[in-house]
Amino acid sequence: MGISNAFDFLQNHVYYIGSFGLIFIGLFIMLVKHNLIKVIIGLSILETGVNLFLVSVGYISKGTAPIFSKSAMEAAPMVDPVPQALVLTAIVIGVAVLALALSLAIRLYHHYGVLDLRRIKELRW
Amino acid sequence: MRIVEVILAPILALLIGMFFLGLARKIMARIHWRYGPPITQPVIDVIRLFSQKSVSHGNMFTLGVLFSLACSLVLILFLPMGKICPLSSSGGMLVILYVMLLAPFGIALSGGEAANPNASIGISRKLTLALGYEVPLLVILLAVMTHYKTLSIVNIVSMQQNTSWALTSLPLFLSGIAYILILPAILGIRPFEITQAAQEISSGPMVEYGGSFLALATIQHGLNLFIGIALFVNLFLGGAGNPPIFFLKMLVVFVLGLFINAALPRLRIEQAMRYLWRWPTLIAFIGMIIVLIIRR
Amino acid sequence: MDRNQIIKWLKAPAKMGHKYSLHAIYFCTGCGIIEVPPVITARWDAERFGVIPVATPRQANLFLITGYVSVKTLKAIIRTYEQMPSPKFTVGFGSCPINGGMYWDSYNTIKRLDKYIPIDGWIAGCMPRPEAIFVAVTHLWTLIDKDMADGYKRYRSNYHLYRANQEQLFGELEWPPLFPLEDQVEQIA
Amino acid sequence: MVNPVLLIAVPLGLAFALPLFGLISKRIVKYIPVVAFIFNFALALRLIPDVLKQAIVVEIGGFPPPFGINLVAGPVGVLFSALIALAGLLVAVYALAYITEGPKEKYHMLYLLLLAGATGVVLTGDIFNLFVFFEILCISSYALVAYIGDRAGIESAIKYLIQGAVGSSFLLIGIGLLYGLFGTLNMADLAQQIESASSISVFVPMVLIITGLGVEAAIFPLNAWLPDAHSSAPSSISAILSGIAIEVGLYAVVRVLFTIFGATNMFMFFAFLGVLTLLIGEMCAFAQNNIKRMLAYSSIGQMGLIVFAMAIATSYALTGGLFQLVSHTLGKGLLFLTAGYMIYRSGSMEISAFEGMGKRMPLTSLAFTIGAFSLVGLPPFVGFPSKFLIVRAALAKEEILFTVLIGLVLLGTVIEGAYFFRVVQVLYFKKANGNSERKDAPVAGLIPMVVFVAFILVMGIYPQLVIEVLNSAASELLHRMEYIRSVLG
Amino acid sequence: MSLELLLIVAFGGALLSYLFGKICPQIRDPFAVISSVALAVMMAFLYGKTMESPFYFGFLGLPLILRTNMLAWFFAMAISILGALSVIFSWDYVKDRERTDFYYLMLLLANASMLGIVFAGDFVSFFVFWEIMSWSTFLLISYNRGRALGAGMKYIIMSIVGSVSMLIGMLSLYAIYGTLHIATLSKLVPSASSGYLLFLFILFGIAFAIKNALMPLHTWLPDAYAESPTSFNGVLSGMLTRMGMYGFLLIIYVIVGAARALNLGPGIFKFNYILAWLGAITIVVSTFIALLQNDAKQLLGWSAIGQGGYMILGIAFGTSLGLAGGIFHTLNHAVYIVLLFMSVGAVQYRTGGQRDLDSLGGLIKRMPVSFIGALLGISGLIGIPLTNGFVSKWLIYKTLILEGHPFLAFAALIGTWGCILYCYKFVHHIFLGQLPEKYKMVARAPFSMQLPMIILSLVILLFGILPGIPLKVINTIGTSFGFQSLNVTTWGIASETGTLNTINIFAAVVAACVIVWLIFKAGPKAVPVAQEDTYAAGAAIPKDRYHYTVDFYNPLYRMISPYFKDFIGGFCIKLAGWTQNVCHGIRQMYTGYIGHYVMYIVLFLALLIFVQLKWSLW
């Protein structure tokens, strides 16, 4: 595989690479960081990655917005509208989760006075 | 005829038992270089005891002794003595084995009610010793029963009459030896006179016996001697065709036992148990294995 | 034959038994006991008279008190005597039970044993020889023959007196009276 | 013909309308879930006879299945929604008296949302819709776990949330991949096309989806949130989490595995995984002194048993697994409800604090005992026929491997028996120290317990009552072609 | 009279007596007694009937069937009579306790479920009743609190192990033959392969051996017997434990059939040989362990384990003689062990729950009826001729000797001899010897306790002197299993290799007793003396504790105690400890740190994908 092939590959799959990169970064943060806020940030990066991935599933190169109008249908293929709808939903859900997580983090800080997850281990075994 | 036998057998056994007791005292005295009492001394003792007032500690105290003697008397009926064998067909060896164990049990129940620690210790020793000698004894008897394939002691005797004495035949020879080794324990004479050790525990279970109780216990002791030896004679010396020969054989065995009695001191109970569970048991087990091998 | 004759005849074996089967309990109170082992072993062999030592008073009918009797021992002697089944015979052995012997002025010994239990015969001496026991036994035979060895009957009939003597010495006794004290009627056992 | 959409719509609508009711009167708020679930339960029961004949497919918005979103009310869906409605109803009644503190309106709203989500999951025929309902379920349960707002509640909620969110992300990736492969989100359609793709390209989304759903279904390595969340939530919520939430998760796993992927070659793996889950759950429960953690770990064990039963994948086994699911809902729901009042009375979650409860709260203790006996699988309670079916199915395989596995499963039962009987002993046979005044749970608390007990007994003695539904549910899961045909026509 | 009615009476009686206890406590006890006695009477009318009818179709498509035949009737009769006697005994025993309603409910429930077990015509109902029996028993064993809790736990855990193993066995039958109907199975199963039969025997054997406390699986029994309420011990020890025996009979002789069952396995490792050897080991070991006990109920518990070994020995060889011995011994053992427990119960009732052998003594003077009960009980236990135990033991010994198993016979006999030692210890420590000061004023057992004891004492003598009565029934059972009929006479058994004739023994014993009595009467009358008047080297004896009980067989104890310990029980305790440790170890996995949890999820996913990419398993 020559350089150009690799470049093509990159170009064609840049969204996938980006999205999985974000996913792995998010997971990495969640695995190694001890601070709850950082973990939540990791979570949100993970979700961003997932959303990006979903969008890119439906994306067609040089496609137009999936709005039904005569000109648009003739000009170029439309991108798949379904993933976009999905992503909208997923973003909403993600925001809800994030909000809940942050509010819980605040309550947790009230109780523990600390956000280091290594010290928030009262429930175990 | 059966009735006559039923009446005759216990009386004979009683007489012979008392005779054995007297003989024992006389022979022991001669061995000690003493003159010794008249041979009728046990009878005199029994008569004296019957005429004495006794004390009773309760109903079980009385019933135990009676039960013990009754068991010994019943046992006589199950043992063939020469041709005299009144009830030997109604239960065989197993009944004999069981009834043999009841005599000490009756004494034990009776002695237990006396509320005397000496009695309790004696009973403890008595039952322990019984367990001790029953281990080899059971192996021996099972070997005999397995060899002759019958539980009926009359059959065992008649088979020996037809062939040869068990003691002299190969498969049961070792069993016979083992029986001889435990015979003093069965008879309760030295070195196994542990239960009634007069010097240590004031004659053990009989500590509270006086008068007729002691008389019955003495008779029971005589019968016990008779039973132990008669069993040996029946099982290993081929029984006998007629009573006199039978009693002669018993006499020989008994006198031999007396020599052991006179020669040895009393063992402690754990020494006795260790002995009984070691050599006689080992020999008896080897005997049993031989029987099994030959049977295969 | 009248009734007494029959009773006598019936009692003959019993009397014979009492005579020739004297099972003795030796109470080892003092030095006298040293004479007993030769008596029962090969040298003198008391067994030929039917005298053998037994372990407990329940089995015995001959009680041999060998030696001085201290106050404490007396309690045991009385208890032992009372536990023997009747008919029972007691023999005091040596001077001490008779009159205190060499301990005549001791504060702690009994001077006359028969104040407390009935004695059928005494063997005097300090010490008596073993043969003296045989003499005592043969004498006891004649007493039994004549129904004169009746210590146990005397104890029964005079129990309140004996008990009074005993209590005078010991104060309150640990065991209840052997016979009912109120019953003063003479009885033949 | 009634519309199954109402099963979702009523609680969902009432949930959002609940604050409005709260404006009218604060007092009626707590009765709204009761009303909702009475309706739902009646509706589900009404649907059962129809559904047994033919699955009801509802097209939302009128588009035919591959294009529009649809609801499939097959036997499985209706069975689950009936179960959800039943448990929801009883727990709602229980909550009338039990939830006395905190923002009650929010509790009831979230409660309705949770169960609406759960009903949605079991009824939907669209995999993304499943995700959405799943998230409704999850988010409301995160919030409800934290309802008490104490240290443990918050801590467990955040842990639950993070794991749940990771799981949902995986689920979403899996859904995205599937959509990328097949261009459809309809489960029946996906199932139809699944064979056309290469095995590895199907495998990755499948694993992602299973992992995502498995977090909620408490399969072995993914279940770390469960003991914390179940033990820290209010007992009524614990009952729902244990009795409904994880069951729904498991339903989703099973639906995905059986219907969409038809992954028969994974079953052996799941059998092992089930047994592992079972043993680990039971062993952890055995070592617990905290009653709610013990019950939570026991739930893990029960999930393992159900996974094992499902993985045998014969019609007996599925019937048994579904039956076990029902019996677990009944039994564990009852146990958490009773435990709730016992904790309330004794002021501690330690088992040793329950000494003498048999005297202090006789009816509650009796209910607990019956629940425990049922879970252990003693006749004549409902746990027995379900376990009976599973064991029989495993043995009907006539493979040594399955015989050994069922032996291990029953070993788990022995451990389960050990810790449940220990609690029963503490309830009845330890002397209460101190307060031994007799005061049972309030009536609103007792009614659901009694109803649970009645169901446990009736189904235990007369399993025929549900066996027909279970059988057809099993066959729906087992025969994916029929499912596809009934949805796509 | 239908079997359904019987079971309804049994279970209904249990529930109703609970309700009566809640509503009007005065009529609860009479009601419980009447219902259980009525049950026994109804049972008697079932004699000799054979019937079979399904009573419930609703269980997962399996009809639940009740059936009766001679075997079932025999066990059911024993259960209902002993149950009724136990209920009568309980009347006073539990009167002053707490939660007596609960006690009666569980007692009657246990009884009823046992009836269910023996009348069960298929394995589902068998299993259902079996489990009801298990948990009701568990609740009763734990009834006494304190140490009873541990005993109850042991019992229920082992019970669950047993029922789990039985569940597997029975469902494998179902999976293969598609039916659980016992009569149908008994036609189908004998043609199965040997390996499968062995599998069945092992699984069912574990269940029944646990219930019957066969040696390696006996650990629940001593504690359970010791700690449960003594009035319940009758039911527990008499028939409930022996449901294991019933199970063995069912699986060996009814379902598999003697022809296959007795030839299973190679050479000396045949199934029944192994069973017999287990029985023999059980007898010897438990007998010697019983000897070392100082607790009356523990002692009886270990004794019961040993007696269970006799029953197993009896049925293991599949001769009509041995089978009769085994079944008869089950009955006999039930009778005398119930009697013994009742007598212990009466003593406990009067002495404030005292059951430590070293602290009692001399009660013969205060509680003569209990003493007679205990004496006859141990006579039966030892097997003294003219008591029931003798006949059954005689049959068992005879089987063993004639079948050429002298070592097994030796084990059985030595068990009996050891049994004498502990039986004597039992009676001596409780009833004989000196009466402690604090028990001087103890009253006799109340009538409700004396009545069952008297009845059972009479039964012991009746079966001992007229063994033909039960043996005829047992012979019918034997022939129904396809065995040769025995030559049963009213007085025993006639055969060429040794005849048992109790009437001769009876006559001889009576005559001997009369003679000895006359001789004894000829002497002067014995004077009764006070207990304190014993020989103590002339000293007046101490008022208290002049009763030699502690370390009674001390030299023997020293000899055997290193070898005869409850090693298996100890091992089970250790096993429990290990399990606990393993569980604690496993739950360390849930560390409480969220990073780990996320890691588990990621790892699970990664592992699955990795495995698939590497090996393509799925």
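A, B, C, D and E label the chains in the order they appear, each numbered from 1.
Just so it is clear, a contact is a pair of C-beta atoms (placed from the backbone, for glycine too) under 8 Å apart; a residue touches a chain by one contact, two chains touch by 3 or more.
Not measured: the values here are computed from a predicted model.
Chains touching both chain C and chain D: E. Relative to the C-alpha centre of chain B, the farthest chain centre belongs to A. Seen from the Cα centre of chain C, the chain whose own Cα centre is farthest off is A.
Here the chain pair with the top count of touching C-beta pairs is B-E. Distance from the chain A centre to the chain C centre is 117 Å, each centre being the mean of its Cα atoms. With each centre defined as the average position of its C-alpha atoms, the distance from chain B to chain E rounds to 36 Å. Centroids of chain A and chain B (each the mean of its C-alpha atoms) stand 99 Å apart. Note: centroid distance chain C to chain E, computed from Cα atoms, is 58 Å. Among all residues of chain E, those that touch two or more other chains are 533, 535, 587, 590, 594, 598, 602.
Multi-chain contact residues of chain B (touching two or more other chains) are listed as 49-55, 202, 207-208, 211. Residue positions of chain D touching 2 or more other chains: 158-159, 162, 166, 227, 284, 287. Here, these are the chain pairs in contact: A-D, A-E, B-C, B-E, C-E, D-E.
By the touch criterion given at the top, residues 25, 29, 32-38, 41, 44-45, 47-55, 198-199, 202-203, 206-211, 214 of chain B touch chain C in their complex.
The touching residues of chain E, counted against chain A in their complex, run 587-588, 590-595, 598-599, 602. Looking at the complex, you find that chain A touches chain D at residues 23, 27, 30, 36, 39-40, 43, 46-47, 50, 53-54, 57-58, 80, 82-83, 86, 89-90, 93, 96-97, 100-101, 104-105, 107-108, 111-112, 120, 122-123, 125.
Residues of chain D that touch chain A in their complex: 128, 132, 135, 139, 142-143, 146, 149-152, 154-159, 161-162, 165-166, 168-169, 172-173, 175-177, 179-180, 183, 185, 227-228, 231-232, 284, 287. For chain C in complex with chain E, the touching residues are 27, 56-58, 75-77, 79-80, 83, 174-176.
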